[in-house]
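Quick one: this structure, given as structure tokens, is what I'll be asking you about.
Labels run A, B and C following the written order; every chain starts at residue 1.
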Amino acid sequence: MALHPDRLFPADPGTRGIARRLYGAVANLPIISPHGHTEPAWYAEDKPFPDPAQLFVVPDHYVFRMLYSQGVPLEALGVPRRDGGPTEADGRTIWRLFAHHFPLFRGTPTRLWFEHALESVFGIDERLTDSNADRLYDRIADTLGRPEMRPRALYDRFNIEAIATTDSALDDLGHHRAMRQSGWHGRVVPTYRPDAVVDPDRTGFRDNVERFCALAGEAVSWTGYLAAHRARRAAFKALGATATDHGHPSARTADLPPGEAAALFDRVVRGPASPADADLFRAQMLTEMAALSVEDGLVMQLHPGSVRNHNPLVFERFGPDKGADIPQPTGYVHALKPLLDRFGNDPRLTLILFTLDEAQYGRELAPLAGHYPALRLGPPWWFFDSPEGMLRFREIATETAGFANTVGFNDDTRAYLSIPARHDMARRIDCNYLARLVAEHRLDEDEAHDLAQDLAYGLAKRAYRL
Amino acid sequence: MALHPDRLFPADPGTRGIARRLYGAVANLPIISPHGHTEPAWYAEDKPFPDPAQLFVVPDHYVFRMLYSQGVPLEALGVPRRDGGPTEADGRTIWRLFAHHFPLFRGTPTRLWFEHALESVFGIDERLTDSNADRLYDRIADTLGRPEMRPRALYDRFNIEAIATTDSALDDLGHHRAMRQSGWHGRVVPTYRPDAVVDPDRTGFRDNVERFCALAGEAVSWTGYLAAHRARRAAFKALGATATDHGHPSARTADLPPGEAAALFDRVVRGPASPADADLFRAQMLTEMAALSVEDGLVMQLHPGSVRNHNPLVFERFGPDKGADIPQPTGYVHALKPLLDRFGNDPRLTLILFTLDEAQYGRELAPLAGHYPALRLGPPWWFFDSPEGMLRFREIATETAGFANTVGFNDDTRAYLSIPARHDMARRIDCNYLARLVAEHRLDEDEAHDLAQDLAYGLAKRAYRL
Amino acid sequence: MALHPDRLFPADPGTRGIARRLYGAVANLPIISPHGHTEPAWYAEDKPFPDPAQLFVVPDHYVFRMLYSQGVPLEALGVPRRDGGPTEADGRTIWRLFAHHFPLFRGTPTRLWFEHALESVFGIDERLTDSNADRLYDRIADTLGRPEMRPRALYDRFNIEAIATTDSALDDLGHHRAMRQSGWHGRVVPTYRPDAVVDPDRTGFRDNVERFCALAGEAVSWTGYLAAHRARRAAFKALGATATDHGHPSARTADLPPGEAAALFDRVVRGPASPADADLFRAQMLTEMAALSVEDGLVMQLHPGSVRNHNPLVFERFGPDKGADIPQPTGYVHALKPLLDRFGNDPRLTLILFTLDEAQYGRELAPLAGHYPALRLGPPWWFFDSPEGMLRFREIATETAGFANTVGFNDDTRAYLSIPARHDMARRIDCNYLARLVAEHRLDEDEAHDLAQDLAYGLAKRAYRL
């Protein structure tokens, strides 16, 4: 295999030459990772990573969902059961199973990320197969013990300038505080994710709200609850947070009169919330969050449209985030109107929109972002953070929204070792796209250089106020 | 014209070279045709095909819909009227009209299939025009009479290894039985299509159900009706069937308690079924069919989302399948949940999903198929079984679902002579797609060779258990 | 910058060579502009255009929406306020602001149209920057005063053969009449746009209907109202109109019995109309308009799916058409059925369908247009009238609908100077698409020449009966 220097560039030699020049100038820029799911504990504790299977297979739902779809039981891949029932514990056995099924990943970004990590971190340039599985396992396992493989060392090696984690509004941010107090130079910042206290359909919602208000020393009332948000946001901000994030089933927003909002709060907290009330409360809270963002300057992110835990058997046995979240059609034009009516023209707000519904790039999202000062388009998310997915996004969104209404790249990953691979892929694909514009005389090459720089670095830094 | 050896390959010379090599290795693989609409009678009776117009124009709604859209009456194309009213009977006159309007097919797959058949079956490498229409008519008509043009001879010449027909659950399978008894070596197998006894909105539904139960010697009751399905499926299986097929307006499924299902059956059979009951019955029956597939191993195919007979004038005058079926938006994520909750994790079930809603490739279908062990994605269907349509499918679905969750190609045709053309087009486009992955260093060429083989042959054979 | 002769052609040298040959033969064909928004007064009065900012920035919502999305107030761009409040009046100041933000347009069609106009009309081949803004402003301003820059002179210079304006059903067509009476040779024809008297949700609907009936000397009754349409359409036709145009929130049609339609008319005119009645009346009126088109031969255009004036602050302060119209999902298959049931098979009707919902090109629109004799597909509209948008349209629609069910290009613009740029872009992209078909041996080059001619000229002329 061996990573080819021209990978992900267009095949036409003229266009490829342009892509190479553009990429050459951005390949080594620092990484800004403004949205992701790495663990604060890694940076705080700086402990070595466990075995290769725990690193590449067990926690990565991109990996095990594909194997599961082809009949491999999650137990055999070491995915822990909720009931503590038996699952494969031997890393080598799991790794062999992964190696055996590795051809399933042909044509997927997972394959490209994995091989990028293998070669750039472990110096391995062979394709994983049944026959070399054991040898590669040993080599990775040996390497994992070395000091340069610790999270903080990798932070430097990966040339990360800033990285955001995603943290529950209920989190005490102990790891973030410890990290700060340790005097380490890395910039790892939290992100305020209040879903657990905003979504009445979450298990334990009522308890969550009580803990949340208690944490902030506020009463469990609409006013107290809002004050608790204000306080927790400030606590996040004090530890470097520049953004909030909201994972909702839809993009629905609402803007109720205060009395109605308070009554709604009382109903959903008293519980059980009716589906209509739960939905309305989530909708109202997006607008409340925008109001607080206008106050405190935290950038707001909205990730809507995923039907979570679609497979009840998998959910019951293994819990959430096990590869069974499926997108659904997601509207924005009507859904966002209440929030936009109030804050869409306010330059103090930045609301970054994501989607799992690619039909919306051109139909609603680019037209909205190309008009409202408060809106920006997040990069392709989840299933679409891939070579073809990123190209489609640029090809569809740019002509209406331009580049300035987008926000660069998010790696959005819990797979630490894949971070350089993901940013490298995004940079290559953006240069691929820009090179085509230059080759077709739709853009001059000096402009493409500016843009490549912005897409790889500047836009994320500015949009997320990092 | 003359079929160019590089047709449908990408223009970039480097990529084209790769595509040529990949295609070279799969061009002559046998044809597996696991879903289609050829007539069992052809293989059973082995009679010569009639004149060129009856072969290429009159029965092919891809052809006459385009002419009709430009103002050519269906009567002038020889399409039979339900009332026996006058339609053009002279093959040569119809052929001339087709030739005159042949430029309408520029840029369509119909054009490419037609010319492939002309050249490969009849040795004609001229473009059809007003001036050569008569000459080509004569040449085709002459050839049609020869022994090597009989259905069985063409089966061998086309290098078909197995082909499935689509047969009503009410069909006595007489032609299939005759074929088997004849000792012919061809493998032509039926497919169980129970729409006539599953969809209460079909004309004659009640009578159909009565005939159906009678055919199996069962009472007209919910239990008897299910037993009749079991019996008829067994009869199909005994004649080689490996699959069922279901054409529904939507992908809705239901999983009612047995008592409710029985009551629903009674209501829809008593008739007239309310629209809600009709829809619920179809939904329930998909889950029942999945249950039977788990028992008997027949692979289940679902073709949803077509609004049938949209044009009442055409329907009234000419009947169904006259080019007036129009796709509508089709959801899967919520629609399939009842069935998947019950059988989605069951490795004994293979449910192959088709769509006429391309927005679903990436949004719902690839994520579903990339997770559930029971799901596979059928190839692009109907309007999208075309060069651009097939490329879009690969570009959108592969990154999430991989190749292994797809099932190779279906020609899905009643146009016997177009079968090699359609498979050739699919093989070329798959090699086109794979060549781009190789040229962009996203896949190694040896892997692309494996995949090309699988896409052309192996996947269909395995997915359909042929 | 300097317009490159190969701009918008594919990069692959072989394919580019084909595109060049195809384009060479159509580059200088006359312009047929069958749908647009230029002002009849321009041609009637033939006065010079005002300053560069009034020409390129102030009236062009493609331009100011992008600047607004990045925080530039519309007042600073000279957009007039409804309340007469202060806005920037100095053209040079506005121009400088535009120049400063010009990089926002990288990758957008606006950029390409603007530079085409700069170079081809003003001989300017520099990229607009802060530093040359004043110099370019002066150069354009100087040129604007010359006789060859008057609307009629430009009509000839642009090689326009016919151009349609869009005119309210309430318009007295004074400018059109004056133009005709002046003896000028230009063919500028009106288009009948009755939205103001068809959409009960429009401000002043009731007054509009009264004025409308009065204009035609008819009573305010259902019968009088229909007669008024007949009369006004005839008046438009007498001044050269060949088409009507309908901007509706959806594509819904209805076909009520006359008595119900009359009662509905009474309710909506008495007002205030309920949302359901307003929607039903619009739906009914599309079918009525089709009936009148069958009578008088005016081609019918339907532009559905835009949520108008999404931003209440912008609407209140600046009025409609200020860049805040956002597309929404738009269905056709069920929505058009009542109209199609009645007139879909009637060759006297031509109904040209537009969409802002690209997911419909393949799913509903191409299948509908590829069947119904009365239907044609309009070119990509608004946000999708762009290089990528036009390519997507061809790639998705052609395989099902062919070329003959499309109608060539619409520039749909109020920016007179962008007309040649927009037609040039469309011709280049069509040649780009055709060249790929030729390079991939899906079409012969002589056929591509025919088609390029048709797409650039013949189809629009025939479809719009010009």
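Going forward, a contact is a pair of C-beta atoms (placed from the backbone, for glycine too) under 8 Å apart; a residue touches a chain by one contact, two chains touch by 3 or more.
The model shown is predicted, which means the values in this text are computed figures rather than measured ones.
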| item | value |
| --- | --- |
| Chain contact topology (line, ring, star, complete or other) | complete |
| Self-contact between copies chain A and chain C, residue sets same or different by half | different |
| CA centroid of chain A to CA centroid of chain C, Å | 40 |
| Residues of chain C engaged with two or more neighbouring chains | 10, 12, 359 |
| Interface residues, chain A side, partner chain C - complex | 10, 12, 14-15, 331, 333-334, 337, 340-341, 344-345, 347, 359, 362-364, 366-373, 375, 395-396, 398-405, 436-437, 439-444, 447, 450-451 |
| Residues of chain B defined as touching chain C within the complex | 1, 4, 6-13, 65-66, 68-71, 103-109, 112, 127, 307, 310-314, 323-329, 356-359, 383-384, 386-389 |
